[in-house]
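Consider the two complexes below, in which subunit A is the common component and subunit B and subunit C are the respective partners.
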Partner chain A sequence: MPDSFSLSASRQGSVTVLALTGRLDLDGSREFDRQIKAMLERKDDRIVFDCAGLTHIASLGLRSLLAAVNNSGKSGGRIVFCAAPANVAQIFTIAGFEKLFTTYPDTATAVASFD
Partner chain B sequence: MSVTQHIELKSDLTELAKLADAADAFCDANQVPDPDRFAVQVALEEVATNIINHGYQDNHDHTFSIDLSTDAHGLTLVATDNAPAFDPLATPEVDTNAPIEDREIGGLGVHLLKNLMQESSYERRGDQNVLTLTRHLSSHA
Partner chain C sequence: MSSAKSITLVEEVVLLALDDHSGRLRPMPVLAFSYVLAGAALSDLALAGRIDTDPSQLMVLNPEPTGDPLLDDVLKTLVDGPTGKTTAYWLTKLSQDTRQIEDTAIDRLVERGVLKREERKLLWVIGRRRYPTIDDHERVEVLTRLGQLILSEDLPDPRDAILISLLTGSHLALRIFAGPTYGARTERIQTLAQMDLVGREVGATVNSIIEAMNRAMPVGM
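After this line comes the complex of A and B, so read on.
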């Protein structure tokens, strides 16, 4: 499979920017779930999902994103999205996620929203 | 001109990569533009995952097929399997207006299918489920 999923984290002040790259499919969402669980457990729960590198998203991936936002909210954290490519943004819209997710055009504005 | 590409797949999620590659090659050959290609790839993965996980209950000993074709109408995918009769199009719609705490986790896949593909039909033909989905292509609109 081309462009398998990967995650890379970088710290900007108290916010973690998580770059999601490749295919958020079955395998991708497993990896995603594992990493998010670990982050939320250590209260690393002020997170920006940078979606610029996402090339594909399956309903399993949507479920994982929704669960992450839901779980972080329950424990007082906050997750926002930025830079989703048009194809991926279209899927978010169909799923009705634009009403559930807070989105920003780029990482800078997304990170600044935590101030 | 309509050339059909027939793809035989085993009921194993590792086959999804083969399906994605075959669909990519088909889209290349038929000059399917990107927004449509992306939508079709998402739809194909949902259809195949549904057949493997729900139709065949993750039992890997079965096969199913996907046929891809294009015509003036758009791009059509036909998924044929011999799992127990099941019409995915008849599953209840997700409520995309529900608040986040109440959002159902299931049902999203079919919701995506119905919204990404403009035409959909299901037929039980003998011992086979035949699901047909058509996407109207941007360049054909």
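After this line comes the complex of A and C, so read on.
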């Protein structure tokens, strides 16, 4: 299924950029939760969520994102968001997430915010 | 895991909707309790991975029963019903008969030893039931947790965001988190309440009912 969720990580200095692609649905959220948990456990907790490839997000996906940001904050980490496409940005706005999450227009700005 | 974690959102909402002194329901707008019970049941199903919601529709992700008869009755209604309907549609549909949800939740809270059931006769004829609290641990735990969340700038865990959203949507939050300390945190409560779609829909529907009633009964009549 071309729209199925995938997640790829790359390092930019001390920051991990996670590119989220596809639908953050039930299966996607499970995979996302599993990978984030593993990252936070190994203290890989300076993270940019690159949302440019996200095609769909609903309540389940929002809860996964919220839990990730919450858990990283509790352990002293930091997660920011960037490049959300219009439909995803709209969902963030409806849910008020832009008041609680830090968002940037692109990956470079998001990574630079950790300096 | 604390006992508070094993309590369902439906049970938590019922517990918080009851005044701990009188054992009766706190004042709420018309139909708000029915809508918040329906919303809590949908939210429990969402946390169990059975449904998901977006602004355009409620989707059944997994029709397998959860093992909780209360939630499985609601899930069956969703599975047997039309697809592609909005969360607001299902809230309205489910809110038309929430007696079973309420009774089951109260029975469970009584079984847990949180509440006791008291029958009182008014004028020795009319029965009035109330549910005084006998173990306040659950209520105090959740109120402390939500209170700290409201008064801080911490991010909520997803379940607490749902609960605050449901309580705000049904106007219960106004009663529970009253006083000047919480009054100064209205914007924070609204921000938290906005985070969950089901709770937002409960609020939108309850507010539209209030507006319709205000239009039907103008001030001064």
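Criterion: the second predicted complex is superposed on the first by the 113 of 115 C-alpha atoms of A that agree within 3 Å, B and C clash if a C-alpha of one lies under 4 Å from a C-alpha of the other, contacts with A are read in each partner's own complex, and residues count from 1 in each chain.
The rule is simple: a residue touches a chain if its C-beta (ideal position, glycine included) is under 8 Å from a C-beta of that chain, and two chains touch if they have at least 3 such contacts.
Computed from a predicted model, the values in this text were never measured in an experiment.
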Subject >> Fit or clash - subunit C, subunit B, common subunit A >> reply: clash
**OP:** In the overlay, answer first, second, both or neither for which of subunit B and subunit C A:L100 touches.
**Re:** both
**OP:** Determine, under the contact definition given at the top, whether A:G73 touches first (subunit B), second (subunit C), both, or neither.
**Re:** both
Original post:
Does the superposition put A:D25 against subunit B (first), subunit C (second), both, or neither?
Top reply: both
**OP:** Identify the partner contact of A:K37: answer first if only subunit B is touched, second if only subunit C is, both if each is, neither if none is.
**Re:** neither
Original post:
Out of 61-69, 133-141 or 205-213, where does subunit C run into subunit B after the fit?
Top reply: 61-69
Original post:
Residue overlap on subunit A between the subunit B contact set and the subunit C contact set?
Top reply: 25-26, 56-60, 62-63, 66-67, 69-70, 73, 91, 94-96, 99-100
**OP:** Within their complex, state which residues of subunit C touch subunit A.
**Re:** 46, 49, 52-55, 59, 61-62, 154-158, 161, 191, 194-198, 200
Subject >> Residues of subunit A touching subunit B in the complex >> reply: 1-2, 25-26, 56-60, 62-63, 66-67, 69-70, 73, 86-87, 90-91, 94-96, 99-100
Original post:
Can you name the residues of subunit B that touch subunit A in the complex?
Top reply: 13, 16-17, 20-21, 34-35, 38-39, 41-42, 45-46, 49, 94, 96-97, 99-101, 103, 105, 108-109, 111-112, 115-116
**OP:** Spell out the residues on subunit A that touch subunit C in their complex, using ranges where they run on.
**Re:** 25-26, 56-60, 62-63, 66-67, 69-70, 73, 91, 94-97, 99-100
